[in-house]
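You will see subunit A twice below: alongside subunit B first, and alongside subunit C after that.
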Partner chain A sequence: MNSIYSVVDYLRDLFTTRLPYFPSNIRSALIIILFCAIVFAELYMYIAVRRIRQNAAKRKKDKWNDTISNLLANIIIYGDDDDTETIINHFLPQFKKLPLYRPFIKKMLTKELLEYHANFIGKTADVLRGLYLRLNLHKEAIAKLKSNYWEKKIEGIREITQMNLRTEAENILQFTDEENGQLRMEAQAAFVKLSDDNPFRFLDRARERILDWHQLVLFEVITKTKNVQIPLFSKWLSSKNDSVVMLCLKLVNHYQQWDAIPLMVLLFKHENLKIRARAIENIGKMEAEMVEENLFEMYFNQPIEIKLNVIEALGRISSGNYLDFLKSRTYSENFKIRMAALYAIKLHGPSGEDLLSKIYHDSTFQNRSIVEHVLDQRIKN
Partner chain B sequence: MISKILIVEDEVLMLKALEFRLRKDGYEVHTAADGAVALDLIQAQSFDLIITDIMLPFVGGLEIVSKVKGNPQTKDTPVIMLSAVGLENIVLEAFQLGADDFITKPFNLSELSIRVRKHVKQPSI
Partner chain C sequence: MSLYYFFFEEFLNNAIFYYALIVMFSYIFLTFLSAVEMKSYLRKNSYVDYKAILVSPHAPSVSILAPAYNEEASIIDNVRSLLSLHYSNFEVIIINDGSSDNSMAVLIEHFGLEKVKFALNEQIKTKPLRGIYKSKDPAFSRLTVVDKDNGGKSDALNMGINVSGKDLILCIDVDCIVEQDAILKMVKPFLDEGKRVIATGGVVRIANSCEVRDGRLISVNMPDKIIPRFQVLEYIRAFLMGRMAWSRLNGLLLISGAMGLFDKEIVIKVGGYNHNTVGEDMELVVRMRRYMHDQDLRYRVVYTPDPLCWTESPSSATILGRQRNRWTRGTMEVLWLHKDLFFNPRYGFLGLLSYPYWFFFEWLAPILEFVGLFCFIIMAIMGYINWEFSLILFSMVYFFAIMLSTIAVLFEEMSYQQYTKGSDLFRLLGMAVLEPIIYHPLTVYWAIRGNIDKLTGKTSWGTMTRTGFKTKIKQAA
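Then we have the complex of A and B:
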């Protein structure tokens, strides 16, 4: 102890009485050392206080986390015969005892509840949803829609969708044509899931492009969500937004909506080649024989990619009416056209295969090898 | 004798929920939050049923199935896999390795109870 006092006395003496007598460079060095020592001491104190606080917060968080997860896990121990309302009424008072006026506890409960809800279906999911609503946790999610930050809005939309708050569909509709692509996508997918009367209304007002990967997501949502009212997608085939037309063409094909065929024929003249190609592909996949004449008529004025689509579609339709035309294409100068025409002929079944044998005998050495390739059962187109 | 079940799941909340539910159904429940701990437990004692998630830290669910089914002492222990939607290919692989059943998340707890009852040899209390 004495030695500490002597060191302190020495330092005090050094920086007070003796300091003025040192040369200026030593004086400066001593002042710098003193400054650094004070800064380091403060820094260590700051770190120590921060660590203590963080540990205390972590302990508090762990404690609440444990309480909340135990409460939630207890929901599992109910009788299978009890109805949802009885179970909610049984657990609600226990949840109400939590200090939900404290934001971090409310946030923690919401997070855990959502996580739990995502893993279950049936009565457990219904009970969790009931508790979520009765504890007014949905108000926070709805408030997030008004946030200035798009990430918050997305958080709110996801929460609302997960908890199936169908009354909020109209609020979400406003984001379905947002400039921000991520928000737009989340809102469109959520609207399809939540809207009762017209889940595809957002397509009427969609001015922003629906990106290709977003179309995939929407397609998944539309085709996999239960109880979605599927409209006639031909309604949007005349949309000015090409990405809407593209998405609807995929859906027309998926749901085999034959009413859309006349409108798809109109799309054969669409300036966007992708749309033109998709419309032709759909006609082929739907085996719409009644419009194969339109396919034939358009063929000669098209670029190669579209010509290939037409040939493929005629092959899928396989009416036999255009076998001669397809045969004539096997003499095309373009290899891809020749190949596509041979495959299209093959799709005609026995009559096609007969024709292929005739072509084989009448054609050049090079064409013979292509026919052999097409007829080889081991090779798929 | 009470049936012993091992649950391997890295989501704490899920682990707790399954533990509570199966305890309520009268089973002796052991838990592991990762695959490595689960394999240690399987080596140390025998179980009547193993329920394991597919995606686990350190040692995955598939490796657990392969180790359990590859060991003559444990090969008869039924294994139920828990999988998320979209992991159908992995589920197929799990069946090839010898998994006995699988449940896709989200699932119904009553369904889980019934499936567990079907697979354990000894009845619960």
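Then we have the complex of A and C:
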């Protein structure tokens, strides 16, 4: 016990009376020690208290989750005989008994309603939507759009989209050219889903770049959402925003919009190589034989990546008009060009396979091995 | 004479103090940056629906390259686990690097492999190819097995790059346990950065004592043994704090060899992995960065803090010592190979901060620590030590170290909270208190040994014996 007292006395002495008399580095060291020790002790306590509170919150959440899930499960198993409004009126009082004045319960109920709504269709989904509206939860979603935090705005947009509050489409349009990329993308996706007339209006005013990731998400939303009025995307192929052109090229291909072909030919001269490559790829995928000549003419002045695209497109079109050209490419010094040309020849069906066997017999050892590679069905291109 | 010692002691005390102060300041700065980066990542990604990448035909294609050397016992589970990853457009390329066991026979039998007539485009020079195999079973059409002469990990990865037919390459250790959504999370930075992303790294976690079944992680536990437990803390600190901060600064020099996703085009342009260093993972990143600078191209190297890869860490001091020895030699080799980067303004941040940081704080720090300790002992023997002052200086470093480790634990708690049991959490906090006095001196010793071995010409990889997850599988079953 005495030794503990003596250590305490020593430390008190060290940090009080003796401190001013130490050299500056020792004084600084002592202050750093004190600071670190206090921070360490506080962090230790904070971590422990945080864990305890987290566990308590989890228990509370589990309890209310059970109650809410039971209520929602009753809706799902309720018969289909009554009309939607009657079912809503039947369940509404039970939901109103929940202490919705407590924010975390309101939040939990909203989350569950949204989740259930996403997983059901038909009358159940209608009832869930009706309850959401009658409980005035939509007002909070709309209010979130006015928040200063982009996360809150996204939450609001997602709720509005999930519950199909189409009247809010115009309200969301303002965020489709936001500086914050995440918010911008959510708003664009929501606008496509909610807008009744001209859901792609945001593309006209898009100044910000639509990142590859956002293009990917938008493509999924546009192609998977039912009842969206699909416009002619060629309208935006001359946009000054390269990312808009890129997205529209993907959509042109997906919807096989043939009217876009002349504009895609113009894109063969686009300075952005990715756009040029995508336009050529589309021509191939759409098997636009009438553009073959343009492809052939452009070939010789292009970098390797574009040359590969041209060869692949000619292979996909497989009209047979350019078999000699493709054969000539099998003597290229570039391995990738040789391989692409042989694959393109293979795509020509029986005539292509005949040519491949001729090339095999007339060719060098390395080209033979590429022909064997191309003909091996187990190896995917 | 005593005046000389007095000045020497003064110099030593001040030198240690100011060096420690600089190191501490840099750590505080990095901690602050990593907190900012982590918060920004979690904020940004809390609204991400990765299903979009999973189903999209426009997601970039990925080749998983996994070199295998004498992995007969676990290779089937590992390959099955890789084939079951959640992604749409990927292939798995296993490179059998001339194994002397039955790895190849086991693979051929289990997956119904047969040799195919593959035309190899040898863009990077490697040891001779023996054959490329594909499965007869369409269920394994994503799998390609490459059999080649032994040439080491770098050579095997280079062969994998030659065989790869995709845009991105995910280089992993075959015995790692990869999270199912790892590719999705690592691919995303390639799609949502304004600049070209040339590489992304995932956080590597310690899997010792975790429950593993069929190559998948079932539950996370704190390691039973103390050596891996120290490494848990060390990895959390290194990945969640250090690398996140460097990612924020776009100054990352190292992406762990256990798991890294690279832009194949750039990897090929720089000539692939370097065969002549044991720090091949770091060397590749440095070379890729240099290339981008030389070409005046804007780029980023990004870290994702999600726990994506679990690895078995060395559980004995001897094996860990060998690993650390190799890491030190690797660092020395990379610093030497790229010595012209040192404070070279032409390379911007890379030359002015990242490289000097590695030089002063990663390579030089253990040496200075050792020299300081050596001088201290000599002076103590000669009776020229002010014990009280020395104790205060040591205490300063000690308390700073435990504070830093506790902040790392807090980061873990506030982000991914992998250790859900309260007991695990407190054991982790306990490690923070013990690490500076038990584990840290050992790492300094191994670093010194690494330096000596490098200077005396040792080049070996250092055998890494793994216990494997077999025992745990039985326990779980």
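Note that the second predicted complex is superposed on the first by the 273 of 381 C-alpha atoms of A that agree within 3 Å, B and C clash if a C-alpha of one lies under 4 Å from a C-alpha of the other, contacts with A are read in each partner's own complex, and residues count from 1 in each chain.
What we mean here is this: contacts are C-beta pairs under 8 Å (C-beta built on N, C-alpha and C of every residue); 3 or more make two chains touch, one makes a residue touch a chain.
Note that the structure is a prediction, hence the values are computed from the model and not measured.
> Where does A:Lys96 make contact in the superposed view: on subunit B (first), on subunit C (second), on both, or on neither?
In the superposition, A:Lys96 contacts neither subunit B nor subunit C.
> Contact-wise, after the overlay, does A:Asn119 reach subunit B, subunit C, both or neither (first, second, both, neither)?
Touch partner of A:Asn119: subunit B, not subunit C.
> Looking only at subunit A, is it subunit B or subunit C that touches more of its residues?
Ranking subunit B and subunit C by residues of subunit A touched puts C first.
> Thinking of the overlay built on chain A, is A:Arg207 touched by subunit B (first), by subunit C (second), by both, or by neither?
Once the two structures are laid over each other on A, A:Arg207 reaches no partner at all.
> Using the superposition on chain A described above, determine whether A:Arg12 touches subunit B (first), subunit C (second), both, or neither.
In the superposition, A:Arg12 contacts neither subunit B nor subunit C.
> Per the contact definition in the header, classify A:Arg166: touching subunit B only (first), subunit C only (second), both, or neither.
Neither subunit B nor subunit C is touched by A:Arg166.
> One more residue to check, A:Ile77. First (subunit B), second (subunit C), both or neither?
In the superposition, A:Ile77 contacts subunit B only.
> Once chain A of both complexes is superposed, is A:Lys107 in touch with subunit B (first), subunit C (second), both, or neither?
So A:Lys107 meets neither subunit B nor subunit C here.
> If we count contacts the way the header does, which residues on subunit A are in touch with subunit B in the complex?
Going by the criterion above, the answer is residues 69-70, 72-74, 76-77, 80, 112, 115-116, 118-125.
> Taking the touch rule as given, give the residues of subunit A at its contact with subunit C in the complex, in rising order.
Per the stated touch rule, the residues are 23, 25-26, 28-30, 32-33, 36-37, 39-40, 43-44, 46-47, 50-51, 151, 154, 158, 181-182, 186, 209, 211-217, 219-220, 250, 335-336, 339, 366, 369-370, 372-373, 375-376, 378-381.
> Which positions of subunit C touch subunit A when the two form their complex?
Interface residues on subunit C, with respect to subunit A: 13-14, 17-18, 21, 24, 43-44, 46-47, 49, 52-53, 55-56, 58-59, 114, 116-119, 121, 134-136, 141, 165, 188, 190-194, 389, 392-393, 395-396, 399-400, 402-403, 406-407, 409-410, 413, 422, 425, 429.
> Once bound in the complex, which stretches of subunit B touch subunit A?
The touching residues are 11-14, 16-17, 19-21, 24, 105-111, 113.
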